[in-house]
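Encoded as structure tokens, here's the structure I'll be asking about.
Chain naming follows the written order as A, B, C, D, E, F, G and H, and within any one chain the residues start at number 1.
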Amino acid sequence: MATDNELGFSKPDFTRRQRTGMSETVFCPGKTVRQLELILRRFREADVRVLGTKCSQEQAEHLRRCALPVVYDPISRLLYSLWGEPAKPCGRIAVCTGGTADVPVAEEAVGTAMFLGAGVDRFFDIGVAGLHRILSNIEDIRRADVVIAVAGMEGALGSVLAGLIEAPLIAVPTSVGYGAGFGGIAPLLAMLNSCAEGMTVVNIDNGFGAAVSACRMVRKMKAETTHD
Amino acid sequence: MATDNELGFSKPDFTRRQRTGMSETVFCPGKTVRQLELILRRFREADVRVLGTKCSQEQAEHLRRCALPVVYDPISRLLYSLWGEPAKPCGRIAVCTGGTADVPVAEEAVGTAMFLGAGVDRFFDIGVAGLHRILSNIEDIRRADVVIAVAGMEGALGSVLAGLIEAPLIAVPTSVGYGAGFGGIAPLLAMLNSCAEGMTVVNIDNGFGAAVSACRMVRKMKAETTHD
Amino acid sequence: MATDNELGFSKPDFTRRQRTGMSETVFCPGKTVRQLELILRRFREADVRVLGTKCSQEQAEHLRRCALPVVYDPISRLLYSLWGEPAKPCGRIAVCTGGTADVPVAEEAVGTAMFLGAGVDRFFDIGVAGLHRILSNIEDIRRADVVIAVAGMEGALGSVLAGLIEAPLIAVPTSVGYGAGFGGIAPLLAMLNSCAEGMTVVNIDNGFGAAVSACRMVRKMKAETTHD
Amino acid sequence: MATDNELGFSKPDFTRRQRTGMSETVFCPGKTVRQLELILRRFREADVRVLGTKCSQEQAEHLRRCALPVVYDPISRLLYSLWGEPAKPCGRIAVCTGGTADVPVAEEAVGTAMFLGAGVDRFFDIGVAGLHRILSNIEDIRRADVVIAVAGMEGALGSVLAGLIEAPLIAVPTSVGYGAGFGGIAPLLAMLNSCAEGMTVVNIDNGFGAAVSACRMVRKMKAETTHD
Amino acid sequence: MATDNELGFSKPDFTRRQRTGMSETVFCPGKTVRQLELILRRFREADVRVLGTKCSQEQAEHLRRCALPVVYDPISRLLYSLWGEPAKPCGRIAVCTGGTADVPVAEEAVGTAMFLGAGVDRFFDIGVAGLHRILSNIEDIRRADVVIAVAGMEGALGSVLAGLIEAPLIAVPTSVGYGAGFGGIAPLLAMLNSCAEGMTVVNIDNGFGAAVSACRMVRKMKAETTHD
Amino acid sequence: MATDNELGFSKPDFTRRQRTGMSETVFCPGKTVRQLELILRRFREADVRVLGTKCSQEQAEHLRRCALPVVYDPISRLLYSLWGEPAKPCGRIAVCTGGTADVPVAEEAVGTAMFLGAGVDRFFDIGVAGLHRILSNIEDIRRADVVIAVAGMEGALGSVLAGLIEAPLIAVPTSVGYGAGFGGIAPLLAMLNSCAEGMTVVNIDNGFGAAVSACRMVRKMKAETTHD
Amino acid sequence: MATDNELGFSKPDFTRRQRTGMSETVFCPGKTVRQLELILRRFREADVRVLGTKCSQEQAEHLRRCALPVVYDPISRLLYSLWGEPAKPCGRIAVCTGGTADVPVAEEAVGTAMFLGAGVDRFFDIGVAGLHRILSNIEDIRRADVVIAVAGMEGALGSVLAGLIEAPLIAVPTSVGYGAGFGGIAPLLAMLNSCAEGMTVVNIDNGFGAAVSACRMVRKMKAETTHD
Amino acid sequence: MATDNELGFSKPDFTRRQRTGMSETVFCPGKTVRQLELILRRFREADVRVLGTKCSQEQAEHLRRCALPVVYDPISRLLYSLWGEPAKPCGRIAVCTGGTADVPVAEEAVGTAMFLGAGVDRFFDIGVAGLHRILSNIEDIRRADVVIAVAGMEGALGSVLAGLIEAPLIAVPTSVGYGAGFGGIAPLLAMLNSCAEGMTVVNIDNGFGAAVSACRMVRKMKAETTHD
């Protein structure tokens, strides 16, 4: 039982890149610092590049003390391995936020997309309550291959943007807000019920997931250029 | 017990106008056609003007067969008495909708506001997915004393409008939508969590309540002109 | 007020194709048969092609009696105009379902995607309870530019598929199920919380929205081929 | 990208006063102390008066250490800038609470309203369980141009008050309560479903939003006096 | 198995009166007309008096066609057997409603209480939006041994009454309302969170349960008089 | 695509018996009468025995008109094929209900279990409000290999039974109840939170699923007897 | 404004005893230690006896440091004043719990009831999973005038007890449990949906409210003995 | 009252093993360290073996300081008594997890099952996003008498496994996840709505309950072998 893998608690997936075209990632919450260390050592031994998500300060410090060559960004809570082969460059992604409090989730998307090879432009704090902020940036946003809209509170940013662009738009609800925001339910429902077309949605605060999906899209776009 | 009033099931309130400055209204659902008839007869005997809300086709037809002088609008489901003294004219209210499916709720607001003496301008089907529809109407909307924004789905209309005007805005979520719209919960939560200031909210599909509040506001505005 | 448009209740959007690259669509629920007829006539006069969604039998029959040149599919509840210029062909989309009861939502996606110019392959009734059905079709599914996974009940189809392919995957929860399925909440939450990467989600039963997003993706892919 | 504004994470809105007639405000939660400092410095350089809401002790202390001329009230968690031009005086607002535990939310309304130029009267701890407390204050409450009713638990204060006054009433549910109060859902639903007319609702614990809406109303009332 | 009882689908409980002091009752929904008939026949053979609750028109008509000596009230949907020994008279119960639409639930309480031997006074349509209606009836309400408050919408009637009387109060939320009333959740939560003391709550629309509990109370009161 | 199977909308699973040891079943809701007919014909051609669940009257009548040799039970809404090889007999299952209204769900469990080869004893209407009904049947219930407890309302039957027996217990919440029963949520949550050990839970109204799981258990028990 | 009372934040209610027959109580959460101190001093000056509920350790310690003559029980979190006139003795109340973890809520009921003059018997840890514990205590429980059943998890204690006694029963759901207990929602719903008659419900963890209602009942019972 | 048991707050159940065939267990949360100590001493005096569940570090340390012969595992939070008679060996249970973060809940199942006499095989981190991990272990999993599937996030592990095995499967949703996982609601609903047959469900994070039910099953299987 569980004999094909030395780590009883985990089965690192070294073939995902072949299977899905994407680098490996590790979801850090719920793992002890020791489990996380062992998983990363395994990836390092295989020289497989890996990205850790929602990594805590405590986890990052443990890894630093273990002298594992990783970099940690406390805003996005992403952990980057310094080993393995970097991703090939692919298209451009625009990451927009409704407000400043949405920035940590947006930075998770930014960091993940760049790790996977995409170029990223940031359009932060352009929420719908001050419409001129969207309108003055819309030409730049239109240049992106895919747009990610990160917003809490009423989550209307995606609806307004999706009606103004041709690219696919991925909406990320955030837990920013209070009271009847219910930790992100309000923007999640708003985004799922958008009257604007061309928008899909990921989990609350899931900047990572939005970026991976966006990169699947841009990689397909570039792939088509070559072999279609 | 219950002897101060001949209608055991109901206590018509003939003094509300003195107490709150508003004409009488009757919430029709859950009343039998016979109960509704008796309540309206009582108002007619007192020559007190009255508005029926959320009145069904069946209720309206019964009253017509009784030869009660009332008018029924099947879109807004409002029932107007033809007796009693009309309301004094007061300010202007703009009633906006996100889509065509929101029109019945908006018409409930329009009819109620006009019954209470307000002038009304309609701006229908100007939802945020086609932003040019708001922008091309915004100068007219700004002329209103109070703005009512009626929207289902993601309910973003109010947030965008409130950031563009000086007047108070009342948002009405509607049950238009499906799936994770949950009968109006999605726009209700979006409106409660709006990042735009100057917006208050009423119950799902409550065009009536929005109009009464709007009229309280415009009546105060006009009252101020005179006796302040 | 509302004078720039002869239809007081609706503002048909003839410029969406320029703005977002997509043909026009009309959300039919909540519109009276007469409103729907007038909206379609306007599109026909402008010779702008249009797709009606979630159209009822009653609405479709009224339009047929008006002799408007439209085609109605009672499974997907889509209404196709026979006028205007067809969409240019773009890439291939795979539409998969967990079960037979998910077929109407899947057909909404299929019909929408074909209306917008995409080629579609159907993989129906391949739910995870009989895993061999996915495994025996996976090579064909991998050929698609974008995959749409339509599933009710526990909604696990998307998670299993996303781990086996490189293309972006759009998951559509359906209201198929009973009891604690809560009209589609169970698969919606499952899809939002998927441990598989590369998946985004649309509203419950929103096959239409999934197809529009998928077409934005494939159009970008083809666009890249040409002008990138 | 994001080049029109030196703060990448934020786009301070210096023109809101022209657009909506209201002073600037900053929602503090989710901003780092350094971000908040930079935003306030930008407002100070422009000599634009600004109000910070839901500001934490830690944020306020950082700003004090930076020697920014601001005042912080730990009850309402409001942060007032000492620069810029004060608001012009406008009408009177009555702020009522059901209990003592609702006072922090009520003080947020009081402080915001005074910052925006309104006069405020406080009627605290007059909940419906001891009806004599409302009845003995009702004449004073009736003198207000707008009434704000702040209540947790069953949130009945607004319903009782709205039936006794002519002015518009804004109800603020609070998270006061426990068990099936669900952090303010109970009073929120009660207020949305009020059988009393003339009442609109804001988010749970949103004393700030109630005050801004109330000030929009009283400013319109005074404006009408002058130019109507 | 199931051989100790001739009705395989049901085990009529002829000893409840000894065990709990109350007459028998039958919850009618979900029973076929034939099952209901057989259960009632069994009670009649035993000459045990029985009350049917939430009985449909169809069920009542079937029983009438069977010539079973029962009386059916379509408002309260109660079904009374005409056999067996009537309950001994006990104290007085006041049944109050917020509005006219709450009357069917209130009549379920009235009919049940009378079936169990209590005297009942009705105080209907005395909701809190017109406070004078409560205040003008409060002296009569205070004469009751137990008060039942039936209300939908925001459900504030119980809170106001409980603060004005000495007797125990049972609150019955009703499904009257719409939108964010959620079929009675709003008044249910309001009643559970009441700041007024001395109030307990039963299920939404459960006039029957309120009456049974009230009768347990008044029977204990009278019992005390005699044998304490 | 979809070419390995003549039914585009469905992939009948003829190997489930080998894989999971169970006969085939078809979930009928959401299938057109024609789809259902084609699926059953396919099973019949293969002479594979099949059980249809939650089959509507309309579906059953269509199949009867097609002269397919099936039997339909309108109480349990089960549809039995008359072809194929019957299941081998296995152990005894006790199916208990709290009330008479739970009988249709219980009969779904009974019919399914018998189709799969189990013997069944019925203990209906033994809910906890009349505890003597459980206590007088408990010795018979203890004889079962597995116990299924079907209950709506507060769903307490499982908790009381599980504390009195040694066998595994499967609890089935039903949608019987009203108001705050929320279509079966109340008993579902009660069963999931039971303080009694040895109890597992299935979906609301899922008598079928409970029976399949029970049969997996008893088949394993008998299997052990033979080859362990 | 607020001039009839020297405490701007609170209006102590010295006449509740005349109005409702009950001593005064203070809900402690949300009050600063200083506010609580001032309120209690006011009661002490008036020599009006008072009970504090849900009082924190920190609040109790502050009052002790102020040398106010109060007693604090950390289990029930009740705070008793040592001044004023004790309540007159009234009937007997049985307080039962399902488990040991429910004891703090039960002790809140016990302490409140004794403060209000009732005699109390405790029956703790008699939950339905071990039915013999109820059956061996039932004769003693039957001696009470009112029974309070405190239970978390599936909350079935009340249903079983109510079917075995004649007295009114008040059920108190507790937040004991985890996972799908949702902080007390599971037992709350179970109790509201009980198939047993004669049971009413209070808020989650509201031992206090149950005791006040129980005391209203027993005081009426004794009152009847004297003057009926 | 409560005199048959020296511990007023608790009634240890020494006869459960006779009644249900299982050893005793104590649910630790909500018990003070002193209460827990007294309960365990009582079991020790009776030499009855006992398992403590969800025991906190603080509780375990107190018991260690009391020199009670117990062993504590901080991962599973299980507390084992070292006295009393061990359980007789029974069949084999497979415990599977979707990810590493599910391990603590899985270990609660493992430890409980072993305490009750079962043999256990662990299959951890075999979630559906990397399907090869299930497929490479399925032959080993098929050898188990009962399978327990522990999974958070979208909870699809059970559905995939149940379609591949003959044994009964118990699914345990975990609170692993974030955002719209809602502390385990997402996998709970997914598991309840599984399209795979033969699966039952326990409460969120209830590894203990799954193991007890699994052991009831395997004990019955072995019992059958002997005396059937």
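As a working rule, a residue touches a chain if its C-beta (ideal position, glycine included) is under 8 Å from a C-beta of that chain, and two chains touch if they have at least 3 such contacts.
Note that the structure is predicted; figures quoted are calculated from it, not measured.
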item	value
Set of chains adjacent to chain B and to chain H	A, C
Cα-centroid distance, chain F relative to chain H, in whole angstrom	26
Inter-chain centre distance, chain D versus chain G - centres from mean C-alpha coordinates, in Å	35
Mean-CA-position distance for chain F and chain D (Å)	56
Chain H, residues touching no fewer than two other chains	16, 27, 99, 130, 162-164, 179-181, 185, 188, 192-193, 195, 197, 203-204
Chain-chain contacts as defined at top	A-B, A-C, A-D, A-H, B-C, B-D, B-E, C-F, C-H, D-E, D-G, E-F, E-G, F-G, F-H, G-H
Contacting residues of chain E [partner chain G, same complex]	19-22, 25, 27, 91, 145-146, 162-170, 188, 192-193, 195, 197-204, 209-210, 212-213, 216-217, 219-225, 228
Chain C residues within the chain F interface of the complex	99-104, 121-126, 130, 132-133, 136-137, 140, 176, 178-181
Residues of chain G defined as touching chain F within the complex	98-99, 127-131, 153-156, 159-160, 162-164, 177, 179-182, 185-187, 189-197
Residues of chain D defined as touching chain A within the complex	1-2, 4, 8-11, 13, 15-16, 27, 29-31, 35, 39, 54, 173, 175, 183-185, 188, 203-206
